[in-house]
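Pasting the structures here.
Look at the two complexes coming up: subunit A is in both, with subunit B in one and subunit C in the other.
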Partner chain A sequence: MQDIERDVRAFIRENFILDGQAGDLAGDASLTRHGVLDSMGVLELIMFLEQRFGLKVPDEDALPENLDSVDAIVRYVDGRLGAGAPATPPAAARAS
Partner chain B sequence: MHPDVLRLPDPEATIAEVVAGLRDAVHGFRRRGAVVGLSGGVDSSVVVALAARAFGPDAVLGLLMPEADSAGDTLDLGRLAADAFGVPTVLEDITDILTAAGCYRRRDDAIRRVIPEYGPGWRAKLVLPSVVESDRFRLFSLVARAPDGQETTVRLPLEAYLQVVAATNFKQRSRKMMEYYHADRLNYAVMGTPNRLEYDQGFFVKNGDGSADVKPIAHLYKTQVYQLAEALGVPEEIRRRPPTTDTYSLPQTQEEFYFSLPYDRMDLCLYAVDHGIPAEEAAAAVGLTAEQVQRVFGDIAGKRRVARYLHAAPVVWAPVGGGGIPGRP
Partner chain C sequence: MRPSPTRRLLHEGLAAQAAERPGHLAVATPEERVTYAELHDRAARLARALQDAGVRRGDRVAVFAENSATAVAALFAASTAGAAFLVVNPQTKADKLRYVLADAGAAALIADLRLAPVAAPIASELAHLHTLLLDGPADAVRAVDGARSVAEVLATTPPDPRPTGAIPLDLAALVYTSGSTGNPKGVMLSHQNMVFTQGSLVQYLRLGPDDRILNVLPLAFDYGLYQALMAVHLGATLVLEPSFAFPAQIVRRVRDEGVTVFPGVPTVFATLLAMHRKEPIAMPSVRRITNTAAHLPDDYVPPLREMCPDALVFKMYGLTECKRVCYLEPELVTSRPGSVGRPIPGTEVFVRRDDGTPAAPGETGVLYVRGPHVMMGYWNLPRETDRMLVPGLYPGERMLCTHDFFRKDDEGFLYFVGRSDDIIKSRGEKVSPVEVENALASVPGVREVAVVGVPDDLLGQAVRAYVVRDDGAVLDEREVRRAAAARLEAFMVPRDVVFVDALPKTDTGKVRKKSLMEGVPPSA
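So, the complex of A and B:
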């Protein structure tokens, strides 16, 4: 889970936190309410999760309880991986 | 909150106020008339009517700017609006401009990344799921219809989605370029036609339909624009037409592309947000549950964040002379 959190935080830091003000974002902080994640960002985040962890994130999983905080994302990815979710081989994560 | 809270008590007074403001602004720019792009919708029809009152119909030019994907009735309804107020029109079919810019090719190339067989005879649009039904993040899907009528719905990868939008934005930007050509030729000002809902929520293309010299109805809720339309005598055929984007080759309502509710309910939710009215109190007027209204509030806040970039003036590093609003120090 620590690896998942590290990768998710790195992705968010490199892609969404453009003004550098949310560097130590709390794990349970809402990414949308903090202006980190917008509608484009959700799509970008889903693509990252699919590529990095080899998941297929269906539209019905695009819920705040799965994607709106670092903790939620880590729980979701961990749960999917634990459930034997990989449907496609993991690819290298997008750096930018 | 009462459902009629947005009803203008005296539409004629509002019309008089806007007409006076239009004259001040346009004459302040030392321009002597107005160019209005006519889409056949209620917003541009109201703006052309207001401009005709402000400057006289002969000092207003209505531009009809269809392109290959325009709906069949766009041109007729645009002409109907101009004729209703005695405004002369010019027809500028922008299909050739868009073809030369690669609008259709670039859009279709992006779609082919997910639907390789997409090509001539196919039609497409972007759609969003309802915000009212669940807390789900709203992800755009592409609906494509093959020549045999078979429809496919796919979620677009980010790059493909952005390219479809970017290519399609050539339409609004080409129209605005044409509006400024005629405005410069005639020494007129360019009218913007967003209503309050569109202006607030960023339902426009930056440097496209978002660009204008004056935006005479940007402070009015769409509900109020309909009231003005009736008071001004905008033909009923235009007032009855459901709001459409008229941008994609498949018919697309504003609801499925951008707004989460029909305009009248969306107006009420926006009013509630602007006046600090809690979801529980607004729910009855809007005709939804408090939970659903709360979701719409969240959607409004999210769109406002995105709209900040669309509204932003170019950033400069020091005050520079020559700016300012005409008639003001």
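So, the complex of A and C:
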């Protein structure tokens, strides 16, 4: 789970952020309400999760309770990986 | 029968609804459900608190907040206190917030607590800004210097605002919009302007008191603001969402709340259609779909009707300076492809040649707009005002020159041809290239920058920056975008960054943007 969190924070830091607040972004802080993600950003986040963790994020999962904070994303990805998604991460993730 | 309350001032509509249908749901947000009686009570207490703090008729009150019931109450509170409100997009960064608050000379600021790190230092720096109210848990607010909590104010202030003597000619709102000079301009709207406009809009949209109007757009954007104003004007329900960031959540809310009016911009509809293609969406409660800000492609209409079989689809065009210019009757969407229709009720338009004579049917000219919806002018900007407001039909009367190019067919239907300034419209929001250029020019490693809009199917236009790097500077696209994101609202951040060796210029030193775009075509 720590690896998931590290990857997610790195992605957000590199692609979105922010007035230099990336480091102290609380795990439960709303990403959309803090102006980190907008609707385009959410789509980019989903593409990142699908690539990095080999998941398929269906539209009905694209909800704030799954994706609107670092903690929520980690919980969601961890739950999905545990529920029968591929155990080995795809090549792209291993290579990084 | 009770005498019906007057409705000449913007906030009198809220008082009327609180008297007529106190128990009807006024605002539903993910956090709370507020009736008309409660919304009116909240606005009345806040208004009295603003007055007690020294806000007087003619002052300006700023609201810097996410879409929330308190934000809606705050607008009506400012109006009730005799002041004009301005709404600042919660994504706004410190420099621009300071500029807007100083330009407006705001006396009071009502903000979300989570925005206090940006807002509080600026509030204490501006001498004219004497009151800071923060919406959030009272003990957390106490930790912020000089701030009072909205919750505490509501609990301790009576709902008895003092009469102000305001009349319909008074300023009701400043709506800030991007200007070609780089600094946003405050569009001045009177009570008369706004009361007229909300009535005209609900008339042609054929809305009524039982409608449930969705709003996912920021209240700082006049299209978002008017969803709230129309709802209160009608005594209807406003279903308020903080954003369109989670489309699946919006679809769920539409179903749960039985939303009947779905206002959007093309990017919103494009996202819904993309979802619909993967797995069909059904939103049978929706009766009206409205689009503005950028052209709704004609081929969006059939799939939107699949999702919402009973919906009338309205294509519209407008600019903040008069809120809305025209709309196409939904029954004509297929027979008048590409048209944005005819003027809204109670207004008229002219298409004129450069010499001021009327353009013939089919001939392109500049669009002029005449009606009670036309702004009073730009705050503190008499020269820009005179450029936009030109002599009307009667002595002393003024009408709006949009500076946009249009043509009219022989039945009076309007077709948008193009803009005459270089403002970019991306995701339905106006982006000033100069504002983005100024922000990027301060990035270390950037020597020169030119910003243009390039055509984009989804965004209308996408923001592109051409950057000349300092000698030896190692700066990549991502770093430029990140630096832009730290300085600008998200919709202004360039989607792509093109590095060039030099910017082509005219003899007078002006950047030749056309040649730049020819050098790297839009599809690059």
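Operating definition for what follows: the second predicted complex is superposed on the first by the 84 of 96 C-alpha atoms of A that agree within 3 Å, B and C clash if a C-alpha of one lies under 4 Å from a C-alpha of the other, contacts with A are read in each partner's own complex, and residues count from 1 in each chain.
Just so we're on the same page, a residue touches a chain if its C-beta (ideal position, glycine included) is under 8 Å from a C-beta of that chain, and two chains touch if they have at least 3 such contacts.
Only a predicted model underlies this, so the values are computations on that prediction, with no experimental measurement involved.
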Clash or fit (per the criteria above) of subunit B with subunit C on subunit A: clash
Which superposed partner A:I4 touches (first subunit B, second subunit C, both, neither): neither
Partner chain in contact with A:E14 - subunit B first, subunit C second, else both or neither: second
Subunit B versus subunit C as contact partner of A:V74, first or second or both or neither: neither
Which superposed partner A:L55 touches (first subunit B, second subunit C, both, neither): neither
Contacts of A:L25 with subunit B and subunit C, given as first, second, both or neither: neither
Which superposed partner A:M47 touches (first subunit B, second subunit C, both, neither): first
In the superposition, subunit B vs subunit C on subunit A residues touched: C
Superposition clash, subunit C against subunit B - the stretch among 347-355, 473-481 or 509-517 that is involved: 347-355
Set of subunit A residues, in rising order, touched by both subunit B and subunit C: 32, 35, 38-40, 42-43, 59-60, 62-64, 67
Subunit B contact footprint on subunit A (complex, rising order): 32, 35, 38-40, 42-44, 46-47, 59-60, 62-65, 67
Subunit A-facing residues of subunit C, complex: 66, 90-91, 93-94, 114, 242-249, 252, 267-268, 271, 275, 278-279, 478, 482, 485-486, 490-491
Complex contact set, residues of subunit A against subunit C: 14-20, 32-35, 37-43, 58-64, 67-68
Subunit B - residues contacting subunit A, complex: 129, 134-141, 155, 157-158, 161-162, 298, 302, 305-306
